[in-house]
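For reference, the structures are reproduced in the following blocks.
What follows is subunit A paired twice: with subunit B in the first complex and subunit C in the second.
Presenting the complex of A and B:
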């Protein structure tokens, strides 16, 4: 800053410019998720809204407070609100299916256990990251009876399941749910058995994007991690980079159509999938 | 403030005891009434600088509440007429309408269509009060036949569309209606017959059942022991084509939009 006058009002113009390289660095490390994009939009808006009467330090404090507030309202408290509504749907004798690991879903199940509900959990997991193992550990530590299967056995176990509880990474404007790859499969199998599919999604994950398949917008994760869980001494697969005919595709997301989802629980309300974007209006 | 939201529960319980009708419509009607009152906070009292619900003395407030109550009731009574106005064009000459049990809204729609000289006939499932519905229709000059609930499979191929009333409509557009509606809906979907619901908007209920068992027991059973058959069943929204309400002709997903507009 160049002088006393420059201490005031510079935040608005300079901070956005200063943050740009940070955002693009993050985007280069890993593609931005919908929730990150929404937060960045929010923070940019807050920066432009800072009053020109505040000194730089005061403005910075205000912005930091906004960040904290965003986390507190949209993530922490929203999680609690969703958890309350979701726990009300869990009844004694339920067999609840969950997919991989989600903080929100684990929070819901642990809360239900705290409220002395008697239920069992079926943890469905898939390669390559196998995060479901951690889910299982958390749940058994809390004393909740768990079963663990790979997604291949989903059709076999689905008849015993009474409810499916899924987390999501985003909710699109046309009602499609963006979730970890494999979610759509679970939704489809559940709907075949008429099992209710409950999706939990905080409103900061809502997106204006419209998408009907998983190819239009997706993220590719490290393909070599797909090899790690195989005993891939087989040179055909391990040497995939040299072979012109082989590609390893490690998709991160997939989209679940609204017809397969029974209900979306957000902190504002419990809604059918198609009405979720109405809440944003 | 005079009004508290806890009073709706008490109010609806008392009303249920006196009216003997199902609770869903009563509860949602009461919820709406409370909002109708509390959203009128802009109104000023006789001393004109104090909000009517905050001013001292109960008399002006009571007068105000009664006025609003009457206005509310008149709007509700009028909704049946509005629905009939909207729905009767769907009944064309030569159609066969299937309806379940008794519904005053459906009765009004069919009467209106008859007044407009449409030639149609009605099949009414027996259920509990089917005979009463048939008498009412025949009394107004509409050709109505009673059918056994077991014969809906048999008659469905002859039916042009199904028109039922409602006890309540839930957040996802699903229908709570007299027992026997769900099988008719499934049968209609199976033979690709349109399934229409005629319902006043005050019956849009803030509840989201995912299965038959999710319906609150109060709605299902009259007596507290909960023995015998439930009074109502739940029809998921995918079986419903359109809802005729005083807010217009809606699809099941639009019901959620309307509820959000009202309550959020």
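Presenting the complex of A and C:
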């Protein structure tokens, strides 16, 4: 940290002050996700906990080790643990529905394939970002038979699906699952057809916030990305900024009520949605 | 080409034949942006022509001729239900005029509704034809005023400062909302209805009409529906039990609306009401799967011929999800529709392919 007096034990207060503008810059660029907020809280706590007897360099090394450790334990190893538990639930003959692209879910499916389980995957995608295509590409490259639909057709294909495997961005304290927009719809359709919904969530994504609807706390993505069409024609609302009556709203998240989720798999345990606050303690 | 019926040896003129063939071609070709009102009016005109110019003596013969022509049309495909319904209306008109003053009522017993009332009538062809054509003119005027009857009910169903959610594009709903805008101020949220993105067209038309419109992707429907006052949608067909054959994506929207107890209102004219039930979810029986060029680029070689892509055109929406039907005959609950069907169509015409035994021997060869 340039320009800061490097005295013994002062790193605790000085580093916090130095990092503050960095965090606020990140928050200005884009709203922070729950996982980012949790990590920042964690690292701030580690900074205040550094022993005053350490030199600056030693303290910095310790903090860097803490960061690496956070990644290793909470993300990498947690992912492996969740993947083991989830793969155990996949049986031969399954048709598994996944939504868009998630590293964790793809990891689970590729691991299941490595363990020679016979299953098919139904990839549900939605506009405007269409990340499900990348999921399809990864899965077909690994030799897993895939089908691909838009979220509109979810009701059309749901009766063939045996399990729904969803990723999440956060698990709120009242049991609601924060995920990419459309997750709640899939949970609703699956529960109408009595298909189990399995949500995978690492504990670093658990949040103390409570929310009952998706609008109170959400993020708006770029509305112009909704204008992209796959054929050459322009969208008919392409001139929406000039029209005083037209608005495009592109939500990023939505919250799924706990009643629509069968089970949440975390690295610690497999629990019902409503047990999230127990883990937070 | 000359058309003849084998058993009676009667001929239909070349003019009529060319008009019939033109109509069949029109149905076969215009799969995409066919406005149902336009094709329904065309249907009535073509069949009116057929009634005037074909050779028949009794109503039974006329019905056989009409049903034989229907076999030539692509009516079994799910796209053509409005045409089939109008043909059924015409057949009912013919049967009614033939029965004349002997209107069937419950007093005759329930069996009178079902037995074929094709006994030899005392009415000769000229009178019968006149009566039929008069009724057809009434039918045409009913079709013409069907849209205005529906949109005039807009003010009863839209309050000020409401938020209304709609799905994709529907001419009826668009005019319904624009009519409501003349007196009330409200907001509309439109689901864009991928992959065809018809919702964008709807949003452009609504905002040109002065309504504050918000376009959202279909995945956001669950997220925002609790903040919406009602859902107003159009449909392709109304099934006999009050279920819908609606554009793809309406079923999940109706599920979300039911979860939050938001009423779903369907605006549709009565010629979309079809006396058929869902018997199978198979694509051929109920749905239509169309090309996926709007979903995934053909240039994506990694997925070419490796991934199964489904792009169904329609959705089956069970009647439990629908609160109200607004039709040109007024507002109806889904449970009332069976009564309207019994007034509009005759049971023997429910299955247009069904012809009485003698009729099977006749065939119109073209």
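Structural remarks
By definition in this document, the second predicted complex is superposed on the first by the 268 of 281 C-alpha atoms of A that agree within 3 Å, B and C clash if a C-alpha of one lies under 4 Å from a C-alpha of the other, contacts with A are read in each partner's own complex, and residues count from 1 in each chain.
Note that in this section a residue touches a chain if its C-beta (ideal position, glycine included) is under 8 Å from a C-beta of that chain, and two chains touch if they have at least 3 such contacts.
Just so it is clear, the model here is predicted, and its values are computed rather than measured.
In the superposed three-chain model, the partner touching more residues of subunit A is C, compared with the other of subunit B and subunit C.
Of the two partner chains, subunit B is the only one touched by A:279; subunit C is not. When the shared chain is aligned, no partner comes close enough to touch A:173: not subunit B, not subunit C.
In the superposed pair of complexes, A:251 makes contact with subunit C only, with no contact to subunit B. In the superposition on chain A, A:270 makes contact with subunit B only, while subunit C stays out of contact range. In the superposed pair of complexes, A:141 makes contact with subunit C only, with no contact to subunit B.
The part of subunit C that touches subunit A in the complex is made up of residues 192-195, 197, 200-201, 203-204, 206-208, 210-224, 226-227, 248-249, 251-252, 255-256, 259, 281, 287, 293-297, 300, 302-303, 306-312, 315. Interface residues of subunit B facing subunit A in the complex, by the touch rule stated above, are 171-173, 208, 210-211, 237-238, 253, 256-257, 260, 263-264.
Within the complex, the subunit A residues that touch subunit C are 126-128, 133, 136-137, 140-141, 145-157, 159, 181-182, 184-185, 188-189, 192, 213-215, 218, 226, 229-231, 235-237, 240, 243, 245-251, 254-255.
Taken in their complex, subunit A has these residues touching subunit B: 89, 196, 198, 259, 262-263, 268-272, 274-275, 278-279.
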